[in-house]
Every structure is written in structure tokens, then in C-alpha cells.
Amino acid sequence: MLLHLSTWPEVEDYLTRSQAIIFPIGSTEQHGPTGLIGTDAICAEIVAKGVGTATQALVGPTINVGMALHHTAFPGSVSLRPSTLIALLQDYVKPLARAGFTRFYLINGHGGNVATVKAAFSEIYAALADSQVPNADRVRCRLANWYQCSTVYQLAKDLYGAQEGSHATPSEVALTQYAYPEAIRQATLDPQVAPAGHPIYGATDFRRAYPDGRMGSNPDLATPEQGQQFYERAVKELSSDYLKFIGDE
Amino acid sequence: MLLHLSTWPEVEDYLTRSQAIIFPIGSTEQHGPTGLIGTDAICAEIVAKGVGTATQALVGPTINVGMALHHTAFPGSVSLRPSTLIALLQDYVKPLARAGFTRFYLINGHGGNVATVKAAFSEIYAALADSQVPNADRVRCRLANWYQCSTVYQLAKDLYGAQEGSHATPSEVALTQYAYPEAIRQATLDPQVAPAGHPIYGATDFRRAYPDGRMGSNPDLATPEQGQQFYERAVKELSSDYLKFIGDE
Amino acid sequence: MLLHLSTWPEVEDYLTRSQAIIFPIGSTEQHGPTGLIGTDAICAEIVAKGVGTATQALVGPTINVGMALHHTAFPGSVSLRPSTLIALLQDYVKPLARAGFTRFYLINGHGGNVATVKAAFSEIYAALADSQVPNADRVRCRLANWYQCSTVYQLAKDLYGAQEGSHATPSEVALTQYAYPEAIRQATLDPQVAPAGHPIYGATDFRRAYPDGRMGSNPDLATPEQGQQFYERAVKELSSDYLKFIGDE
Amino acid sequence: MLLHLSTWPEVEDYLTRSQAIIFPIGSTEQHGPTGLIGTDAICAEIVAKGVGTATQALVGPTINVGMALHHTAFPGSVSLRPSTLIALLQDYVKPLARAGFTRFYLINGHGGNVATVKAAFSEIYAALADSQVPNADRVRCRLANWYQCSTVYQLAKDLYGAQEGSHATPSEVALTQYAYPEAIRQATLDPQVAPAGHPIYGATDFRRAYPDGRMGSNPDLATPEQGQQFYERAVKELSSDYLKFIGDE
Amino acid sequence: MLLHLSTWPEVEDYLTRSQAIIFPIGSTEQHGPTGLIGTDAICAEIVAKGVGTATQALVGPTINVGMALHHTAFPGSVSLRPSTLIALLQDYVKPLARAGFTRFYLINGHGGNVATVKAAFSEIYAALADSQVPNADRVRCRLANWYQCSTVYQLAKDLYGAQEGSHATPSEVALTQYAYPEAIRQATLDPQVAPAGHPIYGATDFRRAYPDGRMGSNPDLATPEQGQQFYERAVKELSSDYLKFIGDE
Amino acid sequence: MLLHLSTWPEVEDYLTRSQAIIFPIGSTEQHGPTGLIGTDAICAEIVAKGVGTATQALVGPTINVGMALHHTAFPGSVSLRPSTLIALLQDYVKPLARAGFTRFYLINGHGGNVATVKAAFSEIYAALADSQVPNADRVRCRLANWYQCSTVYQLAKDLYGAQEGSHATPSEVALTQYAYPEAIRQATLDPQVAPAGHPIYGATDFRRAYPDGRMGSNPDLATPEQGQQFYERAVKELSSDYLKFIGDE
């Protein structure tokens, strides 16, 4: 059930059955010479929709732009500052909490979002505690990274070994190929496997260390069929995690 | 050309031809008993994609949640505060401006966004003037409301007369029906034409004045075929407006 | 009744009769070679005082500096950023709402304020909904632009036709001449009618397009006598609008 | 020379002679049973205009609302939060500094503003140091409290002794009587001299300690003639201080 | 009783006896060629611990970095912006107020903190008034500057006369020598007594006026024995002030 | 070399040898019935001082209050909101970066700080990129959690097994016992090993799940001798990590 394709009476009805909502959160950032700029949002969205279908959960619209400041030295990257993303997430949660939602499940496609989203959760709980929202102290938020599902992680390791890397990875590229087969890109990667090991600092530093945007990865290995496998594993594992999350006292 | 389905080298290449980008901006808010919560985002997105195709413009990801605080007494509505939306738009523009974009064209589906987006533009120009962004004083932003295209407005008037109303209108519902025919809703509207004339203040006040969320409209009049007509008119008119915008000295 | 020339027991007494207050809001910005920098504040203030007298309303002190960032490439212009003006208006409303005021009527003299003030209203309603202010959901704000009164608009059209323009207009200059006849300026305008048609972007861009600060206007046409006519029409029309605003359920 | 009654070419011309500007800053807050709510703004404004005339300085519009949170338990009081006032002052200074102003002289009528204004100055210098404003490190701000002029202080002591008190004082009431003789109020003060000695904490606490709003004062002692004396002394002393301020290397 | 060396059940128990807490607040800023960068924090901390012991008060951890923007042209200086320090102090007070603390006593070692801390107090009271904190209107904050104790001031005058100066003073240096005798520095001061009289503006201006960082002082006069005298006087006087503060109705 | 016990000429001299600085960051929060409220700050500080000595690094003052909102339902806990901590860290870095520091190494004692500090780093890099700080793109920040050193982790596992838990752990308690043997607390723990497994949400929820504040730990196992072992391992491992950090190109 997609929030965008629902009416408010349907949401009102849904709230009698469940007080949980899923939001996909991605990013709009360079993913190397062949990875799509929307990779992280695409992955989060397709997985979230799958989880929504599997669990009959309400799925909100995708947060397309996340925290990707370190990618902004490449054209086409967009990013919220952490403080903006914190404010945004507060704003998302408050009216829904007021309407009765108490469980917020974010399916995330971008490692760079993790710190800020977790910080935002803390700020949200504290803000709610001073709000007029009833049951404010019952609100719980959870961040679930599809790429860190154990079954996903294992498959990536089996398929790509060390060439999975950590940005513009074949696993995420495969998932976007499954989602948008018409948008598969080919290009000569040079080197075939990108350099790795340099920590992430600012945007200029990032581009110096990773000239084509990839971090340790060889996205040439990706296929749409593998993408489907990642999709199925992520949906299965996160569906289970979601159900546990909403079932907890 | 969709930013999310492009790579950074493709954006780099695009920048040699054009320094303009389109962003659809909508809202996630109640649209009466039969209108979809995503109506404004859906409309903005489909029109923006159409304009992108017609003009070979780059289209960024949809800003799905806008300024809809007055709708938040209905379950399922989400909103940014104006100050958050201002921060968000600043964050969108800055890295793209640094990368060389100078024209930002927002295709908007929600009246409630207009004031905040215009305020944001002012804040953006001032912030850029104190940034290290080269050519900061060449950056221009423009907000284009699809529903205010003269040809759209005329068609709505011809088709629906006063029953167009001003929220959950048949014209926007028709456009969503064209975009998502599988999500067409039917429900008894009571009264058939919603009340009108009460100004918009806060969320509680809004719901008191407009109990089912509609403002003066009769969305039952909408059909997908009309939606297509709206789509075509909006795309044509905004494509022309976009080309003029990017062509201006 | 002017707030600044009242005592708190008088305000307490006023609150037993009315819960409404008027604030003039203007700007401090260039108005071309002959228009006063305080034009927008002067116009808003004189009209607000007139409305206050006509309706026995309480009139607060003038908000002298508004949102005029696009004028700041001319010396003497001052501006709040939109986010600051939003914060300011929140701060104005909250203690007065706590004291029992529920209707806030802003008489505005500057087009550049409109977007930000409307955004501020939304932010105010939402903030009040989470405050400890009793009757927070009864608070209503309204922005009334004196220059958009239909009778004012008609008079400007009759007197000046297209030479009214849209900034440093003869109508607003006339009103300041009526208010401050001792401050009437004469200067050679070149061209007599300023250029028009360029949209408003940032401050540097504005000055490039409008070198002497006027937009499409010929303020030479203004006379203090016309100013008086504008004054009387604006006061009459806004008094009626104010009474309707405070009378609405 | 009043900024509001000047044109931008006149300001441009002024800048060739002086790079200094005066802003009166007051407050909108209760001043006891007989003191005007605008007292602090009225006093700052009249003195600032006097100094402007005496020194040929440019005088900006009055900042009518200051930091008066502790007075907001009395109806009619309005206040900016300190953080808003800091933002406001930054916004005032930046465009003027960009235009060439380097000396900002604030004539203040309200003790409650002092801490926040001084904090704002620090924030302004630091913000300018990271701005694109030329000569940013030459910008200097000074806060001058008319009521702390030594000659003013001495006169108040001579005239009223301990009955001067510290809020709704006879000296400031006298000055408003001189400025607005038509707005002189009479009321029975009970007790004749207000209680004193309780430190200032929050608004509720303030009203508990000072039930009619006065702090240790007997404003019945004030006369317009004394007000004129205060005016003349403050103008003389601050004119001298202003000239020294702008003359300093 | 030090908060950092206590457990939460001990704090719970303390709250049954007292609802007051002391926080030392200092700064991290240059103190001339021989003064320690931590001078203000060291002084505030040692005095606060002494007052805590003398009065059996709970003493929180030292706020080591304060508002020292004007010192930041010297290497090693750190500073919060005023707006950050205001936010910080709000954050400190709110959870403690929620836990039952109502009296916050800040022992301060840095003149540059005074304005911002006082502004913060105002912002805190207003924020609490809109929070869910019980007894919010009973919260009181007080700032006590050890260097302004009358007995301290007198001793400094007796010992150093005009060579006390106003920054990197022998009195504060003496107190740090008493606290950290192992960190006493010697250096040739040139001139022996630093220049004085230039007001404080921005950081660059400050360093131009005060090339070695001292303001009017001769810290060579300091001895650890004098430091002990300052310590004892400050502890005695502030203990008395603290007890009065917490005893007031 | 401690910043607080240094002079600015010494820092200037240090900068000719190294452009790195260490800051300990802890928290002020409940640590169960026997753990000290300052545990995380104490641990970070002692380890940081050890690393400073071992590597001749400059060590700044301890950030005593971190992000501990989830602990604030226990008396004595204090916390910054994430957005405040982000602002604070920006403020710390900017003047030091301007002075020439390019490497910021934070030794952290509190898991709750991690997300916010990482978010802050991103915000810092982006802010510096728009500042006037020379070499802004050379600034690098690193967060090092002493409790996650592999040798520390191994020792905790060997000594305590599953009774290490995740809050108020015997390892951190042991380290505080080593640092402050005079502050060792004894109390009956009931149950001996605290419950575990409940995720962290808001403060009220946290206290419901963890009634005495501990998470899965048995701090009774701690001894000062073990604390010394933890100290030595952490200092050794982080010294090595620090030297690598500052040595990297």
C-alpha cells in the first residue's frame, strides 16, 4: 500500500490495523562511470515496495536526496546537509505521529545517510517529548540498510569477493539493473577495480582519492539477474525485520 | 534525461550543452475522499518528465513532500515546515551550482508550496552571494505551477466551471487518473461539491472548515481522458516557458 | 489605538472588546532615484494607522525592515533573510497569542514580503499547535497588501496606466508624498519610464536589469494629492476587510 | 538624515563622506500602569534623531521590538527571542557593510537588549570574516544606552533619588512625555513606589515579583519638562560619543 | 559533590535535599605570552569546586569552551558562536529541569561569556514555558563572575593597581598558578604593561590593537600565593551568594 | 601537551611541527547504580591524555557533554541535541583550521556520540568549503572510540564475556576506577547482570526497558587493575592510529 496512491480515509482505516509506516531513503549522488546517480534511491525504493507488498505495510514516498556531501565534487550529486536532513525527518515524523503512527521504518540505500538518520532519531524523540503529540513516548524509529542484510552481504561476497568494494558496488548496480534494465550503462573502467582504503573526508579530498567516483569496486560484474537475487533476499530479510519491529512491545 | 537514471559523466557532458535542471516539487497530503495523497507530486512529476522529454532537459528527482502543514489534521499528510523546505532547496541548489548549473526550474503541483519556494529562492541567491561558488550571481531559479498554465486553467474552467474548486480539484485528480489509472478511487461525495470560501489558517481550523478535505471541488467529474488533455497542455506550455527561461540573458 | 502609545492595562481592557491587532509591515530598500528608501514602511504605516482609527483597532509598531534581498545591491537597502523574518513573526505572535490575541492582521507595503510572510503564517500555526498557548488553534493571521486593494489598483491604472510599473511606482511614491510632503524629491529620470519585464532573481542580477532601481515605473507622475486619494481608498477598503476578518467565525 | 526619508543616490553620496549609520533600538513591552508600551523605542528613536541632526549622521529605522521575554506575562508585550534578534542584527549589518558602511552605532532604550545585542556583535564579526564583504574586518559596532549617559544618570538621581527604580522609571517616562505629550497617562500607583530587588528570571516569575510591571520606580514624578532635559543631555553626550566612535582608527 | 563523580541514584538522593546545581563556565583562548589558554576554565573550575565543597552543592562538568570569537586570531583559541552557546545552555538546562533541578548557578571565568549567557537565560525561560517540563516557571539561572567578587576586585586593585588590566590579568594568572603551579610560564613581556583602551570588535581588529593578546595587564606580577588569596576570597564570596540564590523564594 | 596548559606562542610553535590536535569527547549521563555519571568523559580524557603524552600531540579540553538524550530520564544526565553538537563541533574546528590545524582527532568514550559526530564531520567539511579558511580542503577529522580498540575489545571479552554488556560496562567502569580510585562505588545490583537486547529509542522508553540504567552489563566485575590494563591498551592502540592518521597524505 503506497501512501502516494492512497486516500486519507484509507490511511485512517489502515491506522486501525497498524501504526507503522515505511519510508525508503536514498541519495542522489555519483556512482562511478556506469552507476546511476539515483542508485541509492532506486534500490531503497524497490526494496521498500517489495517489503510493503510482503507485509501489507504502508510505504511513504522515497526520500530521494540524502546526505552525500562527500560526493558533491562530481557533477549531478545533490545532498542535504546533516542538519537539514535532521529537520526533514523531524518534519516527516511529527504529523504522522500526531495522526497515530508510532513505528517508522526507514529502508536505506546509502551508507552516508546512516549517521545523520540515527542522529535525527534522537532529536525526534526529544522533540516529541516536548510536543503535544499524544503517545509521543511510544514512537519508535528504525533504520534498516538493505545492503547490510546478512543474506545480501553473503551473496555479494560470493559473487564478487573483494571487487564488491564500498561505493558503486556491483551489488547495488545489479539491483538498479533489475529495477531499470533500460538504463544499464557500459563503459571502460580504468582501473577495472577502483582504488580503496582512503577514508572519507570532504568532497574535494574524496575526488582526489577516487577520481572516477568508485571506491574499491568493479561494477562491471553486475547483472540484472543478480539484481533480482539481491532484491528477493533483501525483501525477505527486511520483511521479517519489519514484522519483528512492529510486533515488539 | 532523468538525473536518477544518468551517470555523472553524462551530467558532465550535459553541462557542456545546458546549465539548466528541472525539479518536480509536489506534496504528500490529503486530497479529499477520492484524491490520492500523492496527487501533487504525481502531477508535478509526470509533467516534469514530459517537459524534460520535449526539451531534452535534465530532470531531477521529485521533491515528494512539500509545505502542507494546513493539511496535517488528516491522517497521511506529511509536511516540511517552511524553514525546513527553505534549507532543503538551498542544499539542492548549492552543489549543482558549484558544478556549473545556473538555471533551476521547479515544476510545482501544490499551491501551498508557492510562498515558501519563492522565499527560498531569495535566501538561495543571498547565500550564494556569500559562497565560494563561481558565477553565483548568474544562478536563477523559477517556479512554474502546472495548474496555472493558461491553457490548463481554461480547460478546467470549460470542463468543470465552478466545480473545479481549489483543492482536490477534478483537474488534478484527472491528471493522476491519467498517470495511475489503476489507482482511480470512487466514493460517495457528500456534499457533491465541497464547501468553499474559508481562508486557509492552521491544520485544525482547516479540517473544521473542510471536513472531508476538499475545497469547493467535485472531483467526481474527473476522467483519465481529461487527465491526458491536462497533461498535454501543461507539457506544451511549460516546455515553452522552460525554453524561454533558459534562453534569457 | 497605537500599541506603542498604550499601557498594558489599556491593552488588557482592549482584549475584553477585541482580540485582534494590526501590524504594518514594510521594507527598507531603494525605490529608484526619487523614491524614499522607507517607502514601503511609510505606506504600510500610514494606512495601518488610518485603518486603526477607522475600526478602533489596536495597531502595533511598524516592521520597518522586510524581505528585500534583491534590492541590496543598492546602498541603503536593508533586508531580513526569509528565515529571519519567519522567526521574527513567530516571536511577535506567540506572546500576544498567549495574552489572548487571536487575530493578526498585517498591512503590507512591499511585494517582496508576501511569500515570506505567508510561509511564516504556516510556520506560526504549526508552532502554536505544539505550544502551551491556550486557544492556539483559534489564531488566524492575514496579510493585506494596500497596493492590491481593488480601488487602489483601479486608481493607479486610471492615473498612470502602464507607467505605474511594479517598483518605485507613482502610486506608492504619491502616498509617501502625502505622508511626508517635506521629503518630496525631484530628479531627472532617464529613461522617463524605467525598463520592465525582467524577472526578479538575486541582487546583482536585479541591478544589472534595473540600473536605477525602478521597475517599469515613472514616479514623476506622482503628486501628494493623488497620495491622499490612495490613502483614503486603501483605508476604506482595508477597514472593511479587517472588520470582516475579525468578524468571521 | 533619516534613511527612510532618503533615496539610494543620497545614501551613495553620504557614503563618500561617512561610513557610519545609527540605528535606534527599543522594545515593545509593558512599562507599568502609566508607562507606554513603546517607551523604550520612543526614547531610543527621539534621541537617535537628535544625535543624527547634531552630527549629520544617517539614522536608520527604529528596531521597535527587542528582547523583552521577561515582560511577556503582561498583555501587549512583544519580544524577539535572543537568537532571532541576533539573526536580525546580522541581516541588518551585512548588506550595509557590503555597500560600504563600517560603523554601526546602536542607540538603545532597553536594558534587556544589552546582552543579546552584544552577543550579536560577536556573531556579526565572525560571520563577516567568512563572507565576501570587502573590508569585513573594518566593521565595528557599538551599543550606546541613552539611559546610562553619565549626565542622564546624574539628572535622574538628582530628580528622583531612589524612586528612579529600574523599570518604568520616571526618567524614561519623562522622555516619552516630552516626545508624546498627548499620550501622558495618569493612574493611581499602589504602592506609590514599586517593589525592587528581585532579580529578573522568566516572565511568570517577573509578574509574581512585580505585579504592576514597575521595578522600584515612581513614574508619577515624571514631567515633560524633565523629559526635555533628559533629551538634551542624552543627545549631547551621545553625539560626542558617536563622533569619537567614528573618528577612531 | 561532583556530578561526574556521582551516580544517578546519588543525584536522585541529592534532589531530595537541594534542587540546585553549579556549572563552571570558562573559555579556551589566548591569554597573552604567559597566560594559559585554559585560564578562564581553570579559574572557574577551581572556584566552583571550592564553592561546591563549602556549600555541599552539586557541581557539574566545566564548560571549557565559551564565547571567545574576538580571540580567534591567535592560534589555539577556540570559541562557540553566541547562537551555539545559547543552544548548548538550553540543552544543559532542559533535562536537568525535567529531573527536578530549578536553580542553575554558573560560575564564570570569562567576561566574553557574560552577554551570551545572559541572552541564553532569557531564551531558556521562554523555551521552558512552552515545554512539558513541570515547574518550568520555577527555574532560575544565575551567572556569577568570580573576578567581579568585590573582595577579589579589591585585592587585585591593592596588589596590582592599574597593571591588573582587563585581559591576561595578573589576578587570573595568579589563580591558575595556584591551581597548576607546574604550568607557570615566564617570558619577557614587551611592553611590560600591555596597551589598553581599545574596545573589542572582531578578531582581526583585536589582534591589531593587542599584538601579544594582553589588554592593559602585567601578568608578571602574579604569584601562586596571591592566587590562593584570590581563590579563598572568591570561594567565600560566591558560596555566600550561592546560598542566598538557592534560599530565595 | 595540553592546550589548556599552553600559551598561544607555544601553540604557534607547535604548529610548525604538527597541524594535528586531539579532543576527548565524552558524555554526562547515568551509568547504572554504580557507574559514574562522568564515565564516558573520564575515560575519553584519560586515554586522550595518554595518547597525547605518547605521541607529543596537543590535547584540547574535554567535551564533557555529548549526545545522551536517551539517558535523560535518569536524574543527572545532561545532553546536547544532535543539532547543537553539530554546531559545537563546527565552532571548535573553524578557528583552529584558520590558525593552521588540519587534522582533528576525537577520542570518544560514548557510543551515543558516534552518529552525531560523524554527521558533524560532513557538515564541517561542507562549511569549510564555503569559508575563507585557507587549505580548507585539507582538513580531516577522525573519530576514534577507545572502547572499540581491538585489544580493548578482546580484553573485555576475556575478562567479562557476555557480562560486558553495552552500557555501564565493567570495562568502562574499570577504567574510571583506575582514573579515580577514590570514587569507586559499591551497590547491590539486582539483577546482577542487567537485561539486554532492547533497542535504544527515546528516554522514557529507555528507562522502561532498563530500569537501573545498565544495558546487559555486570559492572561489579570491574577492578582498578583491569582499568589500568584497558588504559594501556587503548593508549597504545590509539597512539598508533593517531600517528597513522596524521602521517597519511
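Labels for the chains are A, B, C, D, E and F, by order of writing; each one numbers its residues from 1.
Just so we're on the same page, a residue touches a chain if its C-beta (ideal position, glycine included) is under 8 Å from a C-beta of that chain, and two chains touch if they have at least 3 such contacts.
Since the model is a prediction, treat every value here as computed from it, not as a measurement.
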item: Chains touching both chain A and chain D; value: B, C, E, F
item: Equivalent interface to A-F, taken from B-F, B-C or A-E so that over half of the residue contact pairs match; value: B-C
item: Result of counting contacting C-beta pairs for E-F and A-E, higher pair; value: E-F
item: Whole-Å gap between the CA centroids of chain D and chain E; value: 29
item: Chain C and chain E: spacing of chain centres that average the CA atoms, whole Å; value: 46
item: CA centroid of chain C to CA centroid of chain D, Å; value: 24
item: Where chain C touches two or more other chains, by residue; value: 69, 72, 81, 83, 87, 129-131
item: Touch-based graph of the chains, sorted into line, ring, star, complete or other; value: other
item: Chain C residues within the chain E interface of the complex; value: 130-133
item: Complex contact set, residues of chain F against chain A; value: 67, 69-70, 72, 79, 81-83, 86-87, 112, 114-123, 125-126, 128-129, 136-142, 199, 201-205
item: Complex interface listing, chain B residues touching chain A; value: 2-12, 15, 28, 30-38, 41-42, 60-65, 69, 72, 74-81, 83-84, 87-88, 90-92, 95-96, 98-100, 180, 183, 185, 187, 213
item: Residues on chain E engaged by chain C in the complex (per definition of touch); value: 129-130
